[in-house]
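Presented sequentially are two complexes of chain A, the first with chain B as partner and the second with chain C.
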Partner chain A sequence: MSSTYQWCARALRRQPLFPVWLVLVLALSGLYDEFGTGANFRNIAIQASPLIIAAVGATFVIMTGGIDLSVGAMLFLAAAIESSRAFVSAPAGVVFAAIAVTGLLMGLVNGVAIALTRVPALIVTLASMQVFRGAGGHITGQQNIDLPAHLRGIGTGSLLGVPAPVLLAAVTTLGGVLVFGRTVFGRYLQAIGSNRAAALNAGLPVRAVTIGAYALAGVLAALASLTQTARLGAVQPSIGDGYELTVITAVVLGGTSLFGGRGSITGTVLGALVLTTAQTGLVFSGASPYVFDIVRGGVLLVAVIAAGIRWRTLAQALRPAAAS
Partner chain B sequence: MSSPESVRREDAAKASPARSAKPVSWLGDPDRRPGWLTDLSMLPALVVVVGVLSVLTDGMLTPSNIVNVGSQSAVVAIAAIGATFVILTGGIDLSTGSVIGASGVSAAWMITSTGSVAAGVAAGLLTGTVIGLVVGTVVAKMPVVPFAVTLAALYVVSGATTLLSHGKTIAPVPAGFIEFSIDGPGGVPYSVWLAVVLYAVAQTFLTRTAWGRRVLHVGANAEVARISGVHVARTKASVYAVAGLFSAIAGIVLTSGLAGAGAGMGGPLLLNIVGAVVLGGTSLFGGRGSLLRTAVGVLFLGFLSNGMSLLGLASFDQQIVTGAVIFIAASADGIGRRLRRGA
Partner chain C sequence: MQVPTLVRYTAALAASALVLAGCGSSQQESGSDGSGKKVTIGVNFDLLNGIRQAEKSAIEKAATEAGYEVVFNVADKDPQKQSSQIQDLVQTRKVDALIVIAQDGQQIASSVSLAKARKVPFIAIDRAVADQQNITFQITGDPVADGKLAASEFIDAGKTKPLKVLELVGALTDQNAIGRRDGFNEAVKGDPNITVVSQVPTNWDPAQALDGTSNALQKNPDINAIFVPSDFLLPSVQSALKAAGRLAPIGDPEHVFLVTIDGDQNGCKAMKDKTLDADIATPVDDFGKQAISAITTALGGQGVSPQSVRTEGLSLDQANFATTSAQVWGCVVA
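Showing the complex of A and B:
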């Protein structure tokens, strides 16, 4: 009995977002009859998939104490290349490989510039965001382009009743958890994020790991783009617009510190689910889509302040212990 | 006598001939070099870019085109003043573009509903300053990363502005108000004169007032500033409020230039505003920089975009070039910093 209670308390402390999500889902199900249906939950899961994939990538970057504002633009450029004329009749495998390479290259551009020059990641990715978005516009000519049918399978297909995007998101999450918790790379990420100087002094390959984190984020952004466009069946100039805010909010909401070093993949996934659920709820309420801008901005603000305050109380709690 | 005092004097005596044997001209000595020379270190790059573009295009350096560049750059120039102050403290303000939209919309709304331009300008300035003050207070008082707060503010402000203006452009504004960005003394629009005056005022504030010194001090080393008695939080908050004020002025000028205001009008300017500050050579780490540098950066981007338009580049191609230039400039700043530290 008491061990169950302790287990619950520990789980709650580790993942305080889960009950929030549960309450949100229950409240919305109570408010709207259509909300609590299997079809709607399936829809939410599919909608959350690209966000989960991109946000897992962003978690790696933020874990190093960096940031990637170019994620939405990477989404757009990957989609633009997917829709380009060169790939109209290419087999799906070739297109997917090309998209993955595109993502890798975009991530490398960011990562190399940040790791080698130590310029704030914010500025580097703000500038590369313009370059990627401009390049995407150049390829698509700012037009809506329909995707050929064989490229949509990844968005509409399913395996054993599980929609393909959800499957991809689940695989990404599992991979992210494993890389983060069970690999040297994952441990190095946390070490660099919590104290870069110490990591350097300990002889860790700080630059290579930083570049690796951005490269991984690029590949996952490309994968997110693939799932997103396949579901929509078309590439629109607005793809990924403002996506960086949603991604960063999901990561921060999941408990990952923007100062780096602390965070979790499962938290990020929950953060993405909370945001998507809230967005679906707003659609049900018939509110203007701009309300979602305010909501996610407000959520980010609250989450950042809450994390900061929690961090400060933690630091204060630790101080007397360190002094004695 | 071997008191520490005399030893130190001997050292000084030993050291001084070596120093005088290799005289360093005031050009090479950062301590004796006048500040304005450091400030203009990006000027050669500006001259090269203008030179190359004027060879490639027709009519780049005609007086009418130069005035054109000035009037097209005025909005970015004014907003970049505020961004410079923020970056000088080591912070960043991503909400600039949405504050431009919000203050422009509130100014236009006030003008169309009361008919008074003065009331509109007051409403616009108030909107921007209040938003800046709120953002600044959160950044300064809370243990948070500035970019996250300003990123959140960006979307909250732009979302709220779009909702309140129902996604429409607020117009019409009086002809005299539009005239502000078209005509002025000497054929140069009032908006350009305003930008020039604001730069002179802001540069004076930065270099000649206690507040300006505090801004530089906080940016160079917040902890030292705190120990020497600077109210760091208040200085930081004030900087964001000033940025809000200048974004508001930029928003009002933009409203006059577009003959109306929409919520989304400032968003695309963010990169140019931050980029102008970075290109001018103000350090992103805070503490080093000036308005003179930003002015050079603004002119650089202004001539670049004007030249690309004259060359007939599509808007997304211009986006690639601008992004790449800022990307390279920021990386070069970082590499230069590493080299200086390594040497």
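Showing the complex of A and C:
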């Protein structure tokens, strides 16, 4: 009994959002027969995948104490380039590589501007958001463009029964966990986010790591774009509009501090799953369309408040009880 | 790691360029002939998408025919930015008239007042503005009527087979979205053959439309009709239907009855492909023609009457497609 409680308390300390998601899933499954089906869980996993991919990238940025408001615009610009005439008949592999490079370049623009100047990340990415969105609009002419069939597999195909977006999200998550927890780069990210001045004094490559975080976020935003656009089957001017808020909500909800230094990739994944599950639950509940906005705003509010009072501090309170 | 000063200044310059580039731009169109002062019209849109492009083209065409110049800019869905841009058009560019699609019908009031004070005719198109007293002319679609027209297609189809309808809703802050929703709901209310089983907000976001449709199909597998409030959400809906194995052409027993509004290229293509049952087309050309005509009248010192016009959409369905599609802007472009 005691060991079970300790295990639960330890798990809760590590991932306080997990029971929240579990309760949400169980409650919705109890309320609606169609919710607790394999097909619906598959549906939720597919829908959450682009968000997971983009949010894992954003976690690296936020861990440094930075922010990236250009995620949605990067999504759109990557999609616009994917739909451009140059790539209409190119093999899928070439297109995907080109889009990944595009994402890398967009991330580098942000990272270099932020790391090498004293301009706050908020301002730089606010500006680059408009630049990227404007460039995407210029490429597409603000028109809807159908995506060639051979580029849709990354969003609609599957491998051994696992939907391609879910597979990509899983690989991204695994990669993110490894980079975050098992590499020098990951440890530097935490050190920089915790105390940038101390990291500089200790001789850590602060600028290079910051640039790396934004570059990684750019690549993952491009990957999210590939999956999302493929699912939609078309590039539309409003793709990614306001997406940065959803991404940041997922990251902060997952326990990553907006001030940097603390957070986890698995928390971010859970944040994305909670958001997607809640969204699906709202459709199942037949709630008024106005309630959707209330819930979305409410979740964001909870995430921000949680960031303020620090999830982990709250979870630490369980420690004495577990030890007794 | 010491970064050379030159590199830092270059990076700072690049960041500044990004900021400046992001502050919005305007473009001069329809060049001057260089002799005499042409009438210049400031055109300010809330955003730029497929239908806005068509509206812009319609204005430019009518302006060119009237011998006017157009200065065009976009507010990127930001009411404050729109207000600043209009202020710039009136006070700095000194345009002779304004054509505006308001991001927010209430917040545009200060711009309307400014134009009135400077005696610059203010023409509102597509989206109604609250300050009706001080505008010169307004031409909009009739979203409630469009919603009712869409509903009439469902009611007709419901006579042969009862319909369980998924109703998608646009942005809840957009009066066009609300009008279309209200018109649709009012018309189908009480019809024994129509049951709205799910109402899903999309915020005019294709991804939300895709996910919302997928979720609704999961919850209600017996949905056999979908009301799509704008053509640009149609690809999302079709992707969701395809993923659920429900995308079938008209005539197939598995076909999901679909009606949209706008009449853009997506809609026309789907009509041609016989995957879309009906489309309520917005009379985009009328907006341009009547706006320019009102400017000509106002600049001539006369009052524009009527001051406000609401134009109903054109019903395009499979029965009249061959004869009517030429009048639909998206079919002409497609």
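Going forward, the second predicted complex is superposed on the first by the 299 of 324 C-alpha atoms of A that agree within 3 Å, B and C clash if a C-alpha of one lies under 4 Å from a C-alpha of the other, contacts with A are read in each partner's own complex, and residues count from 1 in each chain.
Basically, a contact is a pair of C-beta atoms (placed from the backbone, for glycine too) under 8 Å apart; a residue touches a chain by one contact, two chains touch by 3 or more.
Values in this document were obtained by computation on a predicted structure and should not be read as measured data.
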{"item": "Clash-or-fit label for the pair chain B, chain C on chain A", "value": "clash"}
{"item": "First (chain B), second (chain C), both or neither touched by A:I305", "value": "first"}
{"item": "Which superposed partner A:G242 touches (first chain B, second chain C, both, neither)", "value": "both"}
{"item": "Chain B versus chain C as contact partner of A:A113, first or second or both or neither", "value": "both"}
{"item": "Contacts of A:R182 with chain B and chain C, given as first, second, both or neither", "value": "neither"}
{"item": "Contacts of A:G137 with chain B and chain C, given as first, second, both or neither", "value": "both"}
{"item": "Chain B versus chain C as contact partner of A:R231, first or second or both or neither", "value": "second"}
{"item": "Touched partner set for A:Y290, first chain B, second chain C, both or neither", "value": "both"}
{"item": "Chain B versus chain C as contact partner of A:M129, first or second or both or neither", "value": "both"}
{"item": "Partner chain(s) touched by A:H150 [first = chain B, second = chain C, both, neither]", "value": "neither"}
{"item": "Footprint overlap on chain A, comparing chain B with chain C", "value": "113, 116-117, 119, 123-124, 126-131, 133-134, 137, 142, 242, 288, 290, 292-293"}
{"item": "In the complex with chain B, residue positions of chain A that touch it", "value": "67, 113, 116-120, 122-124, 126-138, 142, 242, 244-245, 248, 252, 258-259, 288, 290-294, 296-298, 300-301, 304-305, 308-309, 311-312"}
{"item": "Contacting residues of chain C [partner chain A, same complex]", "value": "1, 3, 7-8, 11-12, 14-15, 18-19, 21-25, 48-50, 52-53, 76, 169, 172, 198-201, 203-207, 210-212, 214-216, 218-219, 221, 232, 235-236, 238-239, 242-243, 264-266"}
{"item": "Residues on chain B engaged by chain A in the complex (per definition of touch)", "value": "92, 138, 142-145, 147-149, 151-156, 158-160, 162-163, 167, 270-271, 274-275, 278, 284-285, 314-324, 326-327, 330-331, 333-335, 337-338"}
{"item": "Chain C partner contacts - residues on chain A that touch it in the complex", "value": "32, 34-35, 37, 39-40, 43, 47, 50, 109, 112-113, 116-117, 119, 123-124, 126-131, 133-134, 137, 141-144, 146, 156, 205-208, 228, 231-234, 236-239, 241-243, 276, 279-280, 283-284, 286, 288-290, 292-293"}
